[in-house]
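Lettered A, B, C and D in written order, each chain numbered from 1.
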Amino acid sequence: MNPIEEKIREEAKRLLDEKKVDVVIGYETGTLPLQTAPCFITSSDEIDRLVWNPCCKQNLAIYVHSALSQHRESQKRVKPEDKTDKVVAVVARGCTSRSLVIHLQEKQYNREDVVIIGIPCQGYIDKNKLEAGVDGLEVIAGSIDGDAVKVETSKGKTELSLIEVTADNCLECRFCNPVIHDFMAGEAIPAYESDDEFAVVDDFAALPEAERWAYFSAEMNKCMRCYACRNICPSCYCKVCFVDQSQPEWVGAGVNPSDNQVFQIMRMFHMAGRCVDCGSCVEVCAEGVDLRKFLKKLDKDDLDLYGHRAGAELDKEAPLSTFRENDEEAFIFEPE
Amino acid sequence: MQKNPYIPAPVKVEKIITEVETKDIKTFRLTFLNQEDKDAFAYLPGQFAELSIFGKGESPIGIASSPTDPDYVEFTVQKAGVVTTALHDFEEGALMGLRGPLGNSWPLEYLKGKDIVLVGGGFAFTTIRSLIKYMLDDRHRADFGKITAVYGARNPGLLLYRDELALWQERDDIDMHVTVDKGDENWTGLEGFVPTVCQDVAPSSDNAVTLICGPPIMIRFTLPVFFDLGFSKDNIYTSLEMRMKCGIGKCGRCNVGSKYVCLDGPVFSLAELDKLTPEY
Amino acid sequence: MTTETKTEKWEPRIVALVCNWCTYAGADLAGISRLQYPPNVSLIRLPCSGRINPFYVVKALQHGVDGVLVSGCHPGECHYISGNLAARRKFAFLQNFLNYIGIEKDRAIFTWVSASEGEKFARVITEVTEKVRALGPATKLIKELDCV
Amino acid sequence: MEAKLIKKAALGEIVKKIAGQKPVYAPIKEGSKVHFKFLKKGESPFLDYANTVNAPKNLFFPQTETLMHYTKTARGSELVEESETNGEMVLFGVRPCDVRSFKLLDMVFDQKKYSDPYYVDKRERTTIIALACRQPPYSTCFCTSVGGHPAQADGADILISELDDDYLVEFLSPKGEKLVKLFGDLKAADDQALSRKKELSDEAVAAIKSHIPATEIKTWLDNNFEHPFWDSIHQGCLACGTCTYLCPTCHCFDIRDEAQGDDGIRLRAWDSCMYSIYSLETSGHNPRPGQKQRWRQRLMHKFKYFVDNYDAISCVGCGRCVMSCPVNTDIRKIVNDIAQLN
């Protein structure tokens, strides 16, 4: 057991035993090699399920949101004297904490409703990189040994370096430590200082228009509209998503290429100033759609135009919740 | 080759009757454009059909008319979703589609020779109306014993089929009780909730079957009344509602346990429902 | 809609989403002043540019229009004080994003036209029509109904 | 029944040859993922695959399918008469588990009272060529627990089994026999080949390491619709529906209309019991209001309701849902946990 894991368990045990929280949301070992699953611990007898390693990938903030909003919903028909509070503890890395900040900024719940067990994080193993690393074969067994990922496939054993299978968003992450926390399960670590965080955007933008469109439409054609990207995203918490509305019906129900594109454009557009680049949407996609290339553009505009990074500071307003008189308007058309 | 069960038959909206003061419930009388479609549409009271409006979609609605009036099919529809709103905007003469008949019917064979107690509440009176019209028809009346019916609505303005109700109240081959939760200045009939009226009417459970159709809250309070009167669960029938799409047991969503409401229902006895999961 | 654009005498079809308090009145003024401008634009009046959901722009393109124009009040002149300032940020993101994924910049154009700028309105429409005409018929994002 | 032998290297060319005559739906590799897709002209199928990401049900029951066209006339909206298509197709490279899924889907779509013409039509004009598993493709495979077999493909028209240097090709139905010519001048299989097939087949069965007590939990499911067990299994579930979309036996769909100007279509699109709006009624009432109820529905449907109705488990043990779940919710673990409660 690594020291961080140990501290997470200790803190979870304390919170549960002292009845400070109702549930601790963390990660547990999955049933498949090199995978973890979100877990929900309500009794300190179960704290040994909690783990922390580079296979912990999901951004757990969405579970905090759903637990608290479901609780609030359940309290609606309860007499005032019988109402209960619910406090959720969550194991949070940098990106998770930024998502929590967004929830707090958007008044989804109160700060005291969530206890943040902060984790210094060096990144997680990217499913797609791992898959490419073993040429699409199934990983039958795997383990992490220092900087090496040892995997076994039907074609035998191989070893990959951890850094080569670490997700791109993690390698460029400036928030390796949580931006807010109530407890830190480990010493803060230096952030990766990527030289050019937005190289992925600049390279893509440099391509001819037709090539950009060809890439975008080909990627969106892969989408099978399962909405896993939307459902894992902590910033996608609308009670009724626009794709589920029937009056008006914004997007057709079928996998029409145009509807796929429109769905993804609008979902991504909702992420303007709200995407923390946690990579969860990419990670959950069964078809491996390259969403990050496009989301990162919104990220870049957020920074370039409004000097803002999603969820980085609790008291700094998101770009689309505010404005300035002298905002950039070079794009406004003026006739000659 | 078997007929494609997804293709609706073309029908014309022959007549539109606004049923209630709030104008959000109308009865649509539909006639088939093709004789073969009309012949194929052989139905019994309690069945439903998919009303089909191209560009909007389909909506499953219980059939309100009786097969004893063979010239047309009627549906009483509340304006609620996309399809029903479009339907309410129709004018007489409009063309639309009809797919069915679907589902099972009220258990007519089982009801033969028995006393019948019908209980309806609010808007959910449509398939009971179909059954009443069927049973009161000269060709069928002798098949059934005493017919007692209790129908209630929140106020007189919300009662469906008011002319027919008045006619039925005149007749002596049906004991018709119409009640409202709260009457207005012109109301001379019963006032009170359906369960209470059932209690007062107190039909005998001897060789009798009751068919109950109404909002869940009404059903919840009416059932104990019938248990007290000695009705067994085999002799209490109701009609379920569920979100449906295909209507032919394929698309999946309307199951209650292993039964599909569209295929095995919508009519179930309480005894049958007890064997299913409580998800409806 | 899409077949129409493929005929030889193609004329650009443009949808303009405009604010009721400024651009719409500006269009009126252009009309009263008998100013000439191309007939390619269908005007849709909304209460404020702040009310214009960016989705409207995307949906218009999906339905096969060749260009979308969005026009509101000049900064500082919003009838609701700041609707246009909030809109400005949304549209900055939107135009950048649409262009980034490969949709021509001139398919979605944003501008300010006040109630007194009848002449500017006519010029905007003329120039926007020419810009869109130069791009040719829209081909991206358009929904073809039949599937499989 | 005929059984023949072909050299291993020859198979790809044979499939290409068939594809020259009729549309062939086969495994194709793009990037690191393998999908069932239509072979393009001159394209070779990818034979060295474990199984495909998507299930082959897509061929008979596409994710989106136009049911009918309509157009506006002076009288109102009317159906457009369609001309029927009926070309023959070939589905190549189906694993035995996926072949089994067709038998299960047939139970739903090909019924006496209501037969689904869209599914049945495509199903009838398709010849299924199955490829037996010499080894279970994945460690998550559990076909033998749900009535399947890695090397037998009841329902296939042709079964191809990998031997040492050859493929054994068995023509199992008249539909399959019609394709014999396209396989070229083949050597008849001798007894040695047949007994080698049997050996390998037994090895494949023995190699399956994943087992679930799928039939054993039926009694528990019959009696425990309400049980605290259901309170926890759904917690991590994102309600994304990936499991149902990739499942070879899931068949729920939605019917929608789409219009453009005066013309329109009625289409059907896959739907999923994992979605909140799936069972939401217009009134706002939802009989399955939470993910707990939806998860229970999915499990019950596969292991109880389907068994009640058709006497078969609606799962073929392909493991796609296990491998693709974004949060690693594992149906094998859930079934095993239920068995522990028994």
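One rule holds in what follows: contacts are C-beta pairs under 8 Å (C-beta built on N, C-alpha and C of every residue); 3 or more make two chains touch, one makes a residue touch a chain.
Just so it is clear, the structure is predicted and the values come from calculations on it, not from any experiment.
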More contacts between chains, A-C or A-B: A-C
Farthest chain (mean CA position) relative to chain A: B
Cα-centroid distance, chain C relative to chain D, in whole angstrom: 47
Rounded Å distance between chain A and chain C, as computed from the means of their C-alpha atoms: 35
Centre-of-Cα separation between chain C and chain B, whole angstrom: 51
Residue list for chain C, restricted to those that touch at least two other chains: 143, 147
Numbers and ranges of chain D residues touching at least 2 other chains: 64, 254, 256, 258, 264, 267
Residues of chain A whose C-beta touches two or more other chains: 252, 254-256
Contacting chain pairs - touch in the sense defined above: A-B, A-C, A-D, B-D, C-D
Chain A-facing residues of chain B, complex: 81-82
Complex contacts: residues of chain D adjacent to chain C: 62, 64-66, 69, 258, 260-261, 263-265, 267
For the chain A and chain B complex, residues of the former touching the latter: 246-247
Residue numbers on chain B that touch chain D, as the complex places them: 2, 4-8, 10, 53-58, 80-81, 84, 94-97, 241-243, 245-246, 248-258, 263, 277-280
Residues of chain D that touch chain A when the two form their complex: 29, 31-34, 50, 53-54, 63-64, 135, 137-140, 232, 235-236, 238-242, 245-246, 254, 256, 258, 267, 269, 272, 275-277, 290, 322-324, 326-330, 332-333
